[in-house]
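As written, the chains take the letters A, B, C, D, E and F, and residue 1 is the first residue of each chain.
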Amino acid sequence: MPKALYPGSFDPITYGHIDVVKRAYKLFDELFVAVMRNPTKPMLFSLEERQQLVEDVMRQEELTNVKVISHDGLMIELAKNLGVSAVIRGLRVTSDFEYEWQMALTNRDLGPEIESVFLMTSREYSFISSSIVREVKRYGGDVSHFVPKLVERALEKKFAEQKKS
Amino acid sequence: MPKALYPGSFDPITYGHIDVVKRAYKLFDELFVAVMRNPTKPMLFSLEERQQLVEDVMRQEELTNVKVISHDGLMIELAKNLGVSAVIRGLRVTSDFEYEWQMALTNRDLGPEIESVFLMTSREYSFISSSIVREVKRYGGDVSHFVPKLVERALEKKFAEQKKS
Amino acid sequence: MPKALYPGSFDPITYGHIDVVKRAYKLFDELFVAVMRNPTKPMLFSLEERQQLVEDVMRQEELTNVKVISHDGLMIELAKNLGVSAVIRGLRVTSDFEYEWQMALTNRDLGPEIESVFLMTSREYSFISSSIVREVKRYGGDVSHFVPKLVERALEKKFAEQKKS
Amino acid sequence: MPKALYPGSFDPITYGHIDVVKRAYKLFDELFVAVMRNPTKPMLFSLEERQQLVEDVMRQEELTNVKVISHDGLMIELAKNLGVSAVIRGLRVTSDFEYEWQMALTNRDLGPEIESVFLMTSREYSFISSSIVREVKRYGGDVSHFVPKLVERALEKKFAEQKKS
Amino acid sequence: MPKALYPGSFDPITYGHIDVVKRAYKLFDELFVAVMRNPTKPMLFSLEERQQLVEDVMRQEELTNVKVISHDGLMIELAKNLGVSAVIRGLRVTSDFEYEWQMALTNRDLGPEIESVFLMTSREYSFISSSIVREVKRYGGDVSHFVPKLVERALEKKFAEQKKS
Amino acid sequence: MPKALYPGSFDPITYGHIDVVKRAYKLFDELFVAVMRNPTKPMLFSLEERQQLVEDVMRQEELTNVKVISHDGLMIELAKNLGVSAVIRGLRVTSDFEYEWQMALTNRDLGPEIESVFLMTSREYSFISSSIVREVKRYGGDVSHFVPKLVERALEKKFAEQKKS
């Protein structure tokens, strides 16, 4: 049965991402979650920190069969190398759908044998984004509805470090 | 491996629908295509005619493992009865995405164990809709880029009958 | 303090509408809910039935200060006659926002002293529409997450009557 | 220099349409305005009445070089027969842009030599649609900001006739 | 009667913002306009300069009962501290509506007792944004339709300073 | 017959842009392509490099009557100085349409005599953007479907230079 890849920045991973992982996990035999370097946007957490958080969350959620990797390069090349049939995208109602579409069409051109599969995030988590989580936590707001406890602690530690320097 | 259902009115089936069937077919072990009665909209072809056209097209395209059925009732009940994991929706760039979303959220409420899976129609067919095919053909326009020959002939026959009565 | 009007077809009233009523009720001193005749769309329930359902729901929800009326004519004329400052519109993420905007701009031209106020429906109810409720119930689906019990019974009665005739 | 065609239902013509005509008129040497029969939607005015209103308005606005015609058939066939280079579409902010796009892509397939040219309606008129004009006037509302006097009178006469029958 | 908060960057305040203030002012007994620090985006004017411009404009427009404040932190915390019932958002047709929605849903989670109230900007000002005003003025374009004279002068002074340094 | 201006960043020019140039070229007697400096966004290629690439591509495509210029300032001022009747904008289905609209309305305010004319990019190229081309090429992906060979070579040279420094 087909393998799938769920790529993202995960800066940091949220309940929205976890919800997508769980949905994809039920549909596919093998699921890779790939933390992408993405050098064109500044990130709060390093690639290694982001991968570590995803791995910690997968273990805690007992999604132990999900393979967490990181990648510096074109997503579609990674998909080809892994031999996946599908690339998973989580759709939130408030997604930048036009951008998603543009990327998916570009990827189809670069790797026509790989299908873009859009899954709908749970209504409960459909408005969460990593950038809003970072913005709320930077000001000391409560993000416990948006991210697991261990991610919240990582955010606290990161912002404490930033203030010191 | 999971089974999937691709429901629709198929009034009539177009190259856009066929493209989605082929994509879903690669991802799922078993695929049902269900022609829905849909009594709230007037249809050009009867339920039986629409099912026959889908079956003829599947045979011609050698998609012989696709099961074509028809249904009069709630789609989500059909999905439960068939024991599918996923309901397939074809996304065109010009889809009525808000409506798709609303239906998918309603279906999640009625059948939370069944996933809505959105696949992207080929760029080539991404603007075709059954209603535009009907409109163009009604005026004698060329629809050979939009539907297979056998569907074009069915449209010609139908409009010829309508003119007589 | 300002008065407000919340107009709609309410064919039938849903938890989404009730959520908007409660939100508007907290903001305004006096709230009118107006059931509009709307002759351009066929309705399942008569104007009288729709008004009765809204009244029954308001009583049950103990929103006893909300005034329920019905109107056959231009909404903006009703708003002027009632002397309200604001017309309430419930925004769902899946709203036909362009249509809402067009109506609001037209209404501003016809009654510039009356403000269109958009309130956001609860995430929980943000995908419910009367038309989906009717469609689901017509096929015997469960609508208890979408409408109060008394509305569900009215739908059952209505569809039973339709089958007889 | 190129000729252009501006097709529509014009049921009835509004200040929004007139604004588009004036803009297209400045850009093209020869401009056709075509009133389309459109049998799939019920119309308030007959094809002949709609064409007459457009002609009357063109005369009043002194757009005497604009050629007003009517057509029963595919728009793109008309465009080919007239030998135009461009088909004009008026874009309002509240347009059903996805539908416009779908039609334009279909037309490009049926007549690739003819360009779809989108012009932006004036902000002042950007929310007017024929259907809202009919709805407001049906209830006796003031439509003098939306349509010329002669169109308003035609609406009054039409609704008076409808009431009698 | 309820109090309301209208938060924003106001870099600088435009006729669009002023229009929203006037509309909110009619609906609420007490209105706060809060200039937010917003450290994630670079600003042209300092927090103090932006607050001063808002205050000067309020005085000039004789909106003397509007309270102008500035805030460095989460907007929803400010709303709670001020005891407001509503947070005002101005909707332009060209708003980034998805972003607005996402923020409003996040805020509802962080402060469920506070309502997001969307008001429609006047058609005349519905396309103005601070960023376009800055871009046009940077090149010496005329912004007198978009901002009051005193804001235009502040922009001129700021750009003259930037050129010197 | 009217002159037209097609402005953009062209960082770098893509098959999408070339498609728009060809469409505009058929409609207008004289066509200017203007490479804009755009100091608010960081560019990969310098203004001179971008202009050179556009010129090279125009020569190769034998669009020798197109005048390629560069401009540092407001686009609408350039349009006035050139005496054009129309400013061309290419619409992709995945355009940021709201932004396009906002700019077009602003430009109409600054130069009401100049028409914004939206042309539809070919379906084949409708998802290409300069930013995606840069992103794909940066990682060594194949961009030969998106840009002419000479642009591809310029990208390779640029990224090779960046790696050295």
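Just so it is clear, a contact is a pair of C-beta atoms (placed from the backbone, for glycine too) under 8 Å apart; a residue touches a chain by one contact, two chains touch by 3 or more.
Computed from a predicted model, the values in this text were never measured in an experiment.
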By label, the chains that touch subunit B as well as subunit E are A, C, D, F
Chain labels contacting subunit D and also subunit F:
B, E
Relative to subunit B, the most remote chain by C-alpha centroid is chain E
Could you check if the interface between copies subunit A and subunit E is built from the same residues on both sides, meaning over half shared, or from different ones?
different
Whole-Å gap separating subunit A and subunit D, where each centre is the average of the chain's CA atoms:
48
How many angstrom between the C-alpha centroids of subunit E and subunit C?
32
In subunit C, what residues contact two or more other chains?
93-94, 101, 105, 123, 127
Okay, what are all the chain pairs that touch?
A-B, A-C, A-E, A-F, B-C, B-D, B-F, C-D, C-E, D-E, D-F, E-F
Would you tell me which residues of subunit B are touching subunit D in their complex?
93-96, 127-129, 132, 135-136, 139-142, 145-146
With touch defined as at the start, can you tell me which subunit C residues reach subunit E in the complex?
1-2, 23, 26-27, 29, 85-86, 91, 93, 97, 101, 104-105, 108, 115-120, 123
Seen from subunit E, its contact residues with subunit D in the complex are 93-94, 123-124, 126-127
Of all residues in subunit E, which touch subunit A in the complex?
40, 73-74, 76-77, 98-99, 101-103, 105-106, 109-110
